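In the two assemblies presented below, chain A is common to both, partnered first by chain B and then by chain C.
For the complex of A and B:
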């Protein structure tokens, strides 16, 4: 194996390890501690859920740009129902339903009507965001309107007394969704078919795969993931505002892209998406601790994503 | 320019000799037809002229001066033009803009486009070929395919200082109506008057004899004949194209035909084909034949449920068959090997196992949703052995296999369900001789077990060597069905060129 092959295969991983080493050296007392790692796991949990479910559509070479505004909308829907006095479970179910319906609508536009995913979900991004403002009246819903049982979910966790740590429920939830997505994509024939569509849509159709129905359903799952992330966010900050999810979409796509640089043939794999999420989360956490300006953080993260994808494109072209 | 000579032209692709020691002399003011069966080397020769392929050996002389074509740009600078079915037309630009695609726009004050001049020059170029019915300000999308072709031809005449020297037409009339073809022939004769050299590639015998001055015939990469058209007949051309009969290479049929009907199509019409009537018994191979794009693909589309039946009836295994799509067809034990394996059949970056099991996931699953890796591996092993696949292991990516082995994976997949009817669309295209024979043997084995087969192939010797009956298509309509008893390639070809008696 020559040096280019090593870079192609392990480049992103090596990059990740160097980032960890860099922060460990620069933040010797605070970075590599159990508390900080648990903290990171909680910080990235929303992004992780969105990125995992984003992987499902990206397996088919599709995109969903609307996940961020869907996360905002679902949080708002739940909060508005809470403020109207409905029980928590109704708010949660309503929010999840909104996610599924919005995702189905995306799938309908992309797969039945035949609009490019980029254009279709750019349109629904704006629509969902508008709905979020409409439903909330443009205001943040907080304070007594949000039941404490709902917000305490994010503040509690599984206590492991022997190690004296508490694993936040948000992190556990993200891990659970990782397992589910991994199971769907890697272990079921449904996942196989999605990868087949991503590899060659026409061949899949001629081999008897119902391409339209599968694309529709995959978008629904991505919508559901976005809705879950929206609820997690609302629970964590004990409030909902119509722009809460706006940063999620770009970072989720970036995480999947980072993950794709690590897989054998450049296809999205959800376990690699997890690594992508970790890279973004660790960078954010470490740079914040080092008091790096948030604008510079954004520049750095964007640059790293481009760097990783550029590297894998170049090495692929050589093969 | 008076004369363009290609001398000692040779080109091989690894072991395969596409062209060996071909000599062709083209004269200005002449329409020179180039003929030959598929794989005879016509396309290779054209690509070499276009600078897309590099010959292993060639001397090109223009008026006795040696010239080199190392790239597409060299070819263009020599004044070579290429017109094929797929035109390089930007449909949302105007005729004039399309004509100026490869020329610099005339400018005003060095910054503004001089539209008047563009329109005028375009009109002039069209006029040179007596084309007056096309408005240069119209969008190309509103033009017929034939008119788009004329625009493309005329665009080579925009520049007046260097007149084009060579026009290569590659099956130009395949997509044209009769009237459009007539217009094209008029333009070609105008080009001739302008002393251009015309190299005309076509399978259409009547056309060739009508418009060409001389004919060169290639067979297996060799120039077997160059002769004046007036001294040629259809029969002589066909004989030279085919050479000796190749049907001896096909494995003999064993076992008898059963009279149990597998599929019966009565009066089948879809939006693309008309009047399809045939019956296939157990163990029978029905060949589909005809000129390119005469409805071959559409017959498969009808049987796979991609194109809906608008009239007529399908009967499969004594039951009315109304396929709702490929999934339904596979489920009912109809397997399909599509024409272009890389585009329509395989997922190149995925593994042998992934591709072999693709249509059968549901059947191989546990509880209808869990992928059963063990079962998948077993069936892949079994099928790969059956089709004699040469590969490393089940997880090897498809793109690492040779063309013949890729096709064997597609075959293995088709066999997984023990199909009752197997649809083969050009199953041996781009497959080496050894793999071809393996595929033929496989077809024989399947028919012996009672599978019915529909085989479409442009390789006529394959049709004759393998099929029991041959369905001839003409203009997306069934022309006739021939019992394959002592049919020769020549008989078959003359069927294609026969005009239908009304």
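For the complex of A and C:
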């Protein structure tokens, strides 16, 4: 294996490790500490869940732009039900149902009606956002309306007394979803069929794969993931806001793209998506600690995403 | 030899610079709202005071993302800063405030709302602002006539303004609050307020049937002014007042029409007062009051040009 091949295969990973080394040198006492790493895991947990489940549709070369508004809507639905005095589990189940239904609707538009995913989910992005405003009356729902049992989920975790650390429940939940998505995509026939659709839709159809049903269900899973992330967000901020999830969509897609630069054929793999999420999260955390201006931080992150994707597409073309 | 001395002095300078950096206190300001003009002025006032104090300042804009405020508070705590300032509803970032409290790092709110986890919150006195503008109205109409109120009770900082105005108008036996309107604010508040005011003007065609419009913030006041102009009733002497004294309101006041007064928060002053408060907290002083008020200024045609 020559150097070019190594860089092609591990370029993004090498980039990630360089980022870690850079921050470790510049922030010797505060970056590579158990507490900070746990912090990062908690900070990226919501983005991670959206990105993991976004990977499911991106495996089929599809997109879901509506995940951010779905995350807002699910949080709002739960919070409105809480404020009406319903128990927590009803709020959560309703929010998750909204996620599944919204996802199915996306899937219906894309696979049954045949609208391009970009256009269909752009439409539902606006619709879900409108519903979130409608249901909440445009207001942030907070304070006594949000039960403390719900918001304390995001503030507590698994205490490991022997090591004197606490693994946040948000991080554990994200890890759990990673395992589930990994299992679905990599270990089941269902997952392999999704990859087949991504490879060649026509051929998959001719091979007898039920393309329509599979796409429909994949979008439902992405919607469900977005709803879970919305609930996590609401729990973390102990409130629900009709625009709370709007930042998630672009970052989730960026994370999947970053991950795609690592795979052999350029297809999304959920473990690589995790690496993409980690790159974004570590950059945010480290640059903040280094007092880098938040706007410069944003430019840098965008630049790094472009750099990684450009690099991988150039090396792949050469191949 | 010469270059050697130069090199040595340069190294020494670098050394001292890095030492002074290490000695200076680290303060982090975190806000989701830096794009808003008011917040920019807070930060401007804060920066000026911080540079006087020689602080190593980090200003972070999370661009509307409240959860990211929590993440950045965690980062600042981890970085062991000496003080943190937030400009967001503290109850929504309580998860971060608890982390800061556990690390004994003081957090001060810059117009954020009061919270037990904050050392203090520096803001304008919303009660006093509403009192000044409603008393202005009552005095201008000599304690009698019909008053239209524009309120927004769903938003606590605006709701308290309405309560005070209710009390003051209620104290004048000849003042009648003819309508208490909550405009739809999705379009910014001007257009719907204008529509509501137009309907009210149509329903009360007689000259003098509306004496004044009291608005809990500037946008409805501007909408009401536009409605009065469109109805051709600018000569009736309907007195309009707003709160916040935004640029559009100042413009209207300057023109000397119906829009007579608004009240300006001292955003820059809130910024510098916040810097003083966090400075006191960092030096270990106990700040007793959970709220620190920065005085506001009534803006009329007399001082709008200042």
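One rule holds for everything that comes next: the second predicted complex is superposed on the first by the 319 of 319 C-alpha atoms of A that agree within 3 Å, B and C clash if a C-alpha of one lies under 4 Å from a C-alpha of the other, contacts with A are read in each partner's own complex, and residues count from 1 in each chain.
Basically, contacts are C-beta pairs under 8 Å (C-beta built on N, C-alpha and C of every residue); 3 or more make two chains touch, one makes a residue touch a chain.
Bear in mind that the values here come from a model prediction, so they are computed numbers and not experimental data.
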| item | value |
| --- | --- |
| Fit-or-clash call for chain B and chain C when the two complexes are aligned on chain A | fit |
| Partner chain(s) touched by A:205 [first = chain B, second = chain C, both, neither] | first |
| Touched partner set for A:247, first chain B, second chain C, both or neither | second |
| Inter-chain angle, chain B to chain C through the CA centre of chain A, in degrees rounded to a multiple of 10 | 130 |
| Partner chain(s) touched by A:289 [first = chain B, second = chain C, both, neither] | second |
| Which superposed partner A:39 touches (first chain B, second chain C, both, neither) | second |
| Partner chain in contact with A:154 - chain B first, chain C second, else both or neither | second |
| First (chain B), second (chain C), both or neither touched by A:311 | neither |
| Partner chain(s) touched by A:192 [first = chain B, second = chain C, both, neither] | first |
| Partner with the higher number of touched chain A residues, chain C or chain B | C |
| Touched partner set for A:22, first chain B, second chain C, both or neither | neither |
| Lowest C-alpha to C-alpha distance for chain C against chain B (Å) | 38 |
| Common ground on chain A, meaning residues reached by chain C in one complex and by chain B in the other | none |
| Partner chain A, residues of chain B touching it in the complex | 304, 325-331, 336, 338, 343-350, 354, 358-359, 361-362, 364-365, 369-371, 397, 413 |
| Complex contacts: residues of chain A adjacent to chain C | 27, 30, 33, 35-36, 39, 42-43, 46, 133, 137-140, 142-143, 151, 154-155, 233, 236-239, 241, 243-244, 246-247, 284-285, 288-289, 291, 293-295 |
| Complex contact set, residues of chain A against chain B | 187-193, 195-196, 199-200, 202-210, 265-267 |
| Residues of chain C that touch chain A when the two form their complex | 56, 58-68, 70-72, 74-76, 78-80, 89, 91-95, 98, 154-155, 185-186 |
